[in-house]
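Structures given as C-alpha cells follow.
Both complexes shown next keep chain A, but they swap its partner, so chain B is in the first and chain C is in the second.
Entry: the complex of A and B
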C-alpha cells in the first residue's frame, strides 16, 4: 500500500485490457467495480467506476450515451488524441482531468470518479462523477436552540461546505482541501476568511495537518488529537460543532474551521475557554437576557465542578461553617448511613456516571425503564434503605443537572474529570485542598494555548475591548465583531 | 525566561497582590494604637522612594537581575557573595511567609492538622506553578486579582451592613503625638514595601519596559491606600485593644459578622484570601530565588533548581521557629534590622551611589 504513496510515477499501459486487468488485481477482483467496454471508431474504450459512490444516472446520460453517439456519427479519427479531445467536448460532467500516473488513477476511482481509458493512449480521463450517499440535513441533536437556525451538518463534506458558504457569501472565504490518513484518504477541508483570520495561525494549522501521520480519520477527534498544542490536558483546545451558524460566526471572528468527510462535527480553532459558555442563541435573543443566561451557565459549570467537593469539605472538615439548624438536619440524615461521606459521595457520583453512560448506550425503546430504575431505585430507595443520605442525592443531582446547561459537550467532560479530583482533594484537607487545586487549575489554564492564542483570554491577558462579549454580551451594534482576541498575543510554538 | 510577556496591567496586579501578601491579615502599625492608619498612610511614600531606587538601578542595567548587576558594580568576588546572600534572603523570606500561612490556617480552621501537611500541600502547588515560568504566574495573578478583590469587597460590605463599624474607635487622633507613629514606621516600610526588591529580579524579564515606573508607583499608592482603609476598618470593628492582642485581626473581625443568624463564621471565608495572597507572595520570592540561583551558578535546567529550592523553603518554614510566638518575635525584632534594612535599603542605596559616582568619574575622565 505505502509504495504507492511515494512520488515515483508509475505510467499507465497503452493497452486498455492490460490496465483493466491490473486494476482488477489491485482491487482484489472487487465486485463493485463496474467496467463498460465501448468502441470509438476503431479504438477500444473502457469506462470504469465503482458502484455506489458515483452518480450512475449522470454516467449513463452524460458519458456513455454521448460516446455511443460519437461512435455512430464519426466513424474515423486520425489519432487517439483526437478521440480524447472530442470526448472532452461531448461529455457533460462538471470536471474532466487527464492523468498519467497509475496511483493517481487508483485514488480517483476510489474517490468516486469515473475513469475512461482509450486504446493506444497513455493518459486516462478522470470524470468528476462523485456522489456519496448521505442523510439529509436535519435538526442538530447535540446543540439545540429554541430560537435560531435549525439545520445541522451531515456526514458529507460538500454539503457541509455549502451550508457554510451559503451563510458567508464572500469572495474572501477560503477553502483548501487535502487528504489525510494513509489508509482512509479522508477529505479534510479547511476554511477561513482571508484578511480576518491570522495568517500565521492559518499557516501553522496547515502545516500541522500536513504533518499528520495516521492511518485513518473517522471522526473530527482524530484530527483534534493529532494537531492540538498540549497533549496533557483535560480542557478542549478546539471546539467541535454540528451547527453551521456557529461555524459561520466563528469564521467571521477570524477562526479557522476544519471540515472532515464522514462526520457532522466541524472543528473550530483557535478556541478560548469562554467560548464554551457561549451559545449561538446568545446572539438571537435580547442581550440583557442572554447575558444573564451566560452568567447562569458559568455558574452552573462551577457548581457542577465544585458542589460535591464543597459539600464534602463542609461535612467533614468545616462543620462550624454550616448554620446550626441546617447542621442538625444534615447530621440527622447521616445518622443511619453506614459509610463515610467520601464513600457515599463517590458511590452516588459513580452511579450517576453509570446512568449517564447507560442513557447514551441503551436502545431508545427501553429508555423509560432505565429512568425509572435510575430515579426511583437509585434515588429514593437508596435513601429509604439508608445507604445514602438524602443530601448526597440532592448534591449529586444538582451538579448533574447543572452540567446540562452548557451548550458545548466538550467542556462538560472536563468538569466531570475535575470534579473527581476536587472531591479527593477536599476529602483530604477540606477547603484548603479545594483552593490549592483551584490554583493549580488556574495555573494550568493560564499555561494553555490554542494555536498560540492564550486560552483564558480576554481575562488573562486582560483585554478591555473584548469584555463586551465575554461574560456578558453587549448589544450587537456596539460589538464590532472582529477578532480582537485572536490577532493580539499570538505566539505560535 | 527571556521572552516573558507581561503587560502593565499584569504588573500592577502582581505588585498590588504581592504588597497585600500576608500583610493585610496582620496588625500593621498597631503599636500606634488608634493612629495606626496614619502609619499606613505615610509608609507608601517611603515605598515610592524605595521603588524609585530599585527602578533606577534597573534602568542602568535593563537586562540584568539584581544578583547579576551586583557583580557588575562591585566586582565578581564581592558581588557574588552579595548575590548569594540575596538568594538566601529570598529563600528565608519565602519560608517565613509560608510559615505565616501555615500558622494562620492552623489557628483558624485546621486546629488538629499537622503543619507539615499544610506546608507540603502548598509547596506542591508552588513548585507546579514555578515550573511553568513567570509569564503564566503573572496571568494567574491577574485572575486572582479579581477573585481577591471580589472577596475583599464582599467582606467589607458585610462589615458595613452589619453595623460593626464604630467610628469612635479611631478617636482621639494623635493622642500621644507623632512619637509612636515614627516608631512604627520602619517596620511598616520594610514589610511590605521593602520587599519590592523582589521586582528588581523580575523586571529585566518583562517585555514592555516602558510603563514599569508609572505602573509600579500606582500599584504602591493603591496598596498603601487600601492598607489604610483596611486598618481603619479593623480599628473601627475591633477597637485598639483587641487589635493589638489578636494574632490575626482580620480573621477576628470577620468572625464578628452575623447576618440573620445564617451568614456566620466568615473567618473561614478569609482563608480564601490567605491561601491566594500567600501563594502569590511565596511564589514571588520563590521565583527570585530560582532566577538568582540559575543566573549565579549558570544552571540551564531550572526544574532541578525549582525542586531543591522548593524543598528547602518547605523544610525551613517548619524549622525556622519552634513556635508561632518565637516566629513573630524574630520577625519583629531581628529580621527587620539584621536582614530587611541592610538588604532592602542599604545595599541598593550603596549600589546606586556606586553606579552614579562611577558614571561621574567616567564623565570627568572623558
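Entry: the complex of A and C
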C-alpha cells in the first residue's frame, strides 16, 4: 500500500530545479508548498515541505541551521554522496530515509515529511518532521463515567496510540500501520497483543483491511462497514469507543483495536452482544453494585425495545390481561383521543426521534429551549388538548429514558430500529406477533458472527467459565481476565 | 432464508383473525344481573352493567353516574348478550366481568345450566363471584349508586369481602367453585345473598349520592341450595357458623351473656373439621378449635382469676355448640348437605358411599350430630378488669 505506482518506478531527476518544477505541477502550484533553496559547497540543495502539517520549528532548528552551518564550515565536498552522508550526520530529526521513486516522494511530502533534494544526486532525503495539528486530550463526551479515567482519544492517531501504549507497557503489544483510501490515504493503525489475540482473527482482519477499496476514510464507520461480517444486520458487529481504558481492557482480553487518523473513535473487534451492556465503570466500582447496574442496563434495553409494543398489544388485543381498575383509567384517558392508538403511538415515537435529532443538531446555546418546547409544551399540551393520551406519553418517555442507560450508543440505534418493527407486529397480531418477531431476532442473533466469534457467546454456545463476567461481574480477583470469550469458530468464516 | 419466510408465513396464518380493538370502541361489561323473563317462557331477563369510563377519569371530578345498565330479554344468556347490541352502542367486552347477580326468583326456580354460557365462552374469566339478589331482582340490586362506592359492582364485591373479613356471613364464591360444587357428589351449594337496605327514595338515582342515609347494598345471609334450587336462607350467626365449620372464615366475634349483660369475644384463629362415623349409628361429627380474645365486657368480672376465665371459655363453648347444632339441624331438615359430609364420607369410606349415595339425603337428615368445641382465651386486651364507675 505504499503508492499507486509501486510496480513502475519513476526515477527522480538529478536536476533540483526540474524536480521542484515537477512537484509544483503535480501539486497544482499549491501555495502551501514551501521551498527553501540553499547551497552546500557548490551544489544546489532544496528543502521542501508542505506548511501546516510539519513541525516548522524543528525544520528551522534541526535541518536548515545545521545545513547553513555545514556550508560555512566545509566549503568543498568530493561527491554528492559525501554531502548526503554528512547531512545525515548533522540533521537531527527522528527519522531519515533515502528514496529513489518519484511517487514515493509525493506521498511522503503529502504525509508531512520534509524532502531534501541535492543537485546531481539521484536520491531524495525524507525527514520525519510530521506534526499534525490536533486538539488536546479532553474528557470523553459520549462515554462518561463517574469514577475512572477521564482522558479520551483525539483525532490524532499518534496521540491515540500513545494513550493505549501508556496503559499497556508490554513488548507483546503490536502495532501495524497502513494507509487506506485511494484519495485520502488515511493512516490506519492496528493494535493487538501477541499471544493473547487469536492469530487467525488478526490475519483475517489484516487481509480484510488490505482489501478495502474505497476513496476515502473519514471516520471509523467507513472501515466498520467495509469489513464487517454481515452487512444486512441491525446489530453492531464492532464496538467503537473513545475511551483508551476500554480499548486497553479489550486488547487485554484478546481483541483487536483499529485506530484511524482523523477520528477519536477506535474500533474494537471481535465483539459480543453482552459487551454493549458493560461499562468500564463496572470494573471501577464494587462488583455487587456494578452487577446490579449491569442487570438494570439489560432490563432497560429490553424495556426500550418492548415497552411500546407491549402496551399496544395489551390495549388493542389483550384487554382481559389488564387489571380492571387500570383498564378503566386507560379507557377514561382514551375516551376523547381522535386517533387509533397505533397512530398515536407512532406519532409520539416519531416526535421523540425528531426531538432527539434536534437535540444533537442544534447549537448548544438553545439546548434548554428545545427541551422546554419538546417536553413541557408539546407533551403536556398534547395531552391536555386530548390529541394523545397521557399513558402514551408515559410509555414513550419511559422507553426513551431507558435507552440512555446504555454505555454504548451503537446498540441503542439497534433497539430503535427493532422497536418500530415490534410496534408494527404488535399492532397486527398482538403478543403473538411480538413473540414471533422476538423468535426471529433470537434466531438472527444466534446466526451472527463477529470475525468468526459467535455473537451471543457466552450464552450460545454456553460457556460456564465466562458467566463470571457476563450478566453479573464476579470480584476481579476471581475473574480470569483473558480471552475466554473469544473462541475460534472456523466453520463460519 | 426461503425456509424462514415460509415458516413465518405459516405462523402468521395460525392465529386466524386479528382481534384489534380500540379502547374507545369498547363497552366494558363489569356486571351481569340475571332475572326470570316476564314475557318469554324459560327465558332470562339479563341486565348488563357497562362502565362509563369518562366518569371514572383520574383527573377532573365526575359529573354523573359511572355505569349504565342495559336490560334485554332472551331465551339464553348468549342470545341476550348478542341481542344487547340493539341498545349497547359499543362492542361488548366480557373479559372484565367481575360480578354476576342472580335473582332469588330464578334461584328458587332452579339455576339449571345458566352458568354454562360463562364456562363455555372464551371471553369471560371464570373467577368472578356469584351472588343471589335476596327478595328483589338482580336488576334492582345493580341499579343503585352509593356515595362511598359509586360503582355498584365494586360496592357489592367490597361490601361482601369486607364482611367476610370482619364477621363471616358472606363468602365470595367464584364461578368455577360454584360449578365444582354443583357437579360434585355429597356437597350442596351455598351462595351469599345481597339486597338493598332500603328502596330508593327518589326516582333520580344521583339523589342517592347526595343522601346522608343512602340506599346501599347489604350483605344478607346465605342461600342454601338443594341441587340447583334455592330452598332456604341462613341468616346472621347461622350463616357465619357454616363458614366456621368449613374453616372458611378470617375473623369473627361471639357475644355471650354475662351476669344479665353481655360480653364479646373476637377470634382471628379458628379451625373447624368434620368427620363422619358410621358405628354404632351414622354420626356427623364437627370439631371446632377456637382462639379468642376478650374485646368487650359489660359486666363486672375478675378477669385476673383463671377460674373465671375457664368459666367464660365453657360458656363460649356451650354457646357455639348450641349455635352450630341449630345450623346443622336446619341443613338436615331441608336435606341440603352444605358442609360436605357426603364428600368427606366418600373419601373416608368409599365402599359404603358407593352403596348408599342414592339415599344419602335421607341418611344425612336422620344422622346424629356431635359438636365438639374447644375454645380458649388468649388475651384480654389492654386491660384486665373493666373499670368501675364510682
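Here is the rule we use: the second predicted complex is superposed on the first by the 482 of 493 C-alpha atoms of A that agree within 3 Å, B and C clash if a C-alpha of one lies under 4 Å from a C-alpha of the other, contacts with A are read in each partner's own complex, and residues count from 1 in each chain.
Throughout what follows, a residue touches a chain if its C-beta (ideal position, glycine included) is under 8 Å from a C-beta of that chain, and two chains touch if they have at least 3 such contacts.
None of these values were measured; they are calculated from a predicted model.
S.K.: Clash or fit: what happens to chain B and chain C when chain A is overlaid?
M.R.: clash
S.K.: If you stack the two complexes on chain A, which partner ends up touching A:424: first (chain B), second (chain C), both, or neither?
M.R.: Touch partners of A:424: none, neither chain B nor chain C.
S.K.: Between chain B and chain C, whom does A:320 touch in the aligned arrangement: first, second, both, or neither?
M.R.: Both partners.
S.K.: What is the contact status of A:432 with respect to chain B (first) and chain C (second): first, second, both, or neither?
M.R.: Both partners.
S.K.: Should A:459 be classified as contacting the first partner (chain B), the second (chain C), both, or neither?
M.R.: Touch partner of A:459: chain B, not chain C.
S.K.: Examine A:387 and indicate which partner it touches, taking first as chain B and second as chain C; both and neither are also allowed.
M.R.: After superposing on A, A:387 lies clear of both chain B and chain C.
S.K.: Quick one: is A:340 in contact with chain B, with chain C, with both, or with neither? Answer first, second, both or neither.
M.R.: Only chain C is touched by A:340; chain B is not.
S.K.: Please work out whether A:446 is in contact with chain B alone, chain C alone, both, or neither, and reply first, second, both or neither.
M.R.: first
S.K.: Of the partners chain B and chain C, which touch A:328 in the superposed model: first, second, both, neither?
M.R.: second
S.K.: For chain A, what residues appear in both contact lists, the one with chain B and the one with chain C?
M.R.: The answer is residues 317, 320, 429-430, 432, 436, 440, 443 of chain A.
S.K.: Within their complex, state which residues of chain C touch chain A.
M.R.: Spelled out, the residues of chain C in touch with chain A are 4, 8, 11-12, 15, 18-24, 26, 28, 30, 51, 53-58, 93, 95-96, 98, 123, 125.
S.K.: In the complex, go through chain A and note every residue touching chain B.
M.R.: 317-318, 320-321, 323, 429-433, 435-436, 439-440, 442-443, 446-447, 454, 456, 459-462, 489, 491
S.K.: Could you please specify the touching residues of chain B with respect to chain A in the complex?
M.R.: 5, 7, 9-10, 105, 109-110, 113, 117-118, 121-122, 124-125, 128-129, 132, 136-137, 139-140, 142-144, 146, 261-262, 264-265, 268, 271-272, 275-276, 279
S.K.: If you look only at chain A, which of its residues touch chain C in the complex?
M.R.: For this pair, the touching residues of chain A are 315-317, 319-320, 324, 327-337, 340-341, 427-430, 432, 436, 440, 443.
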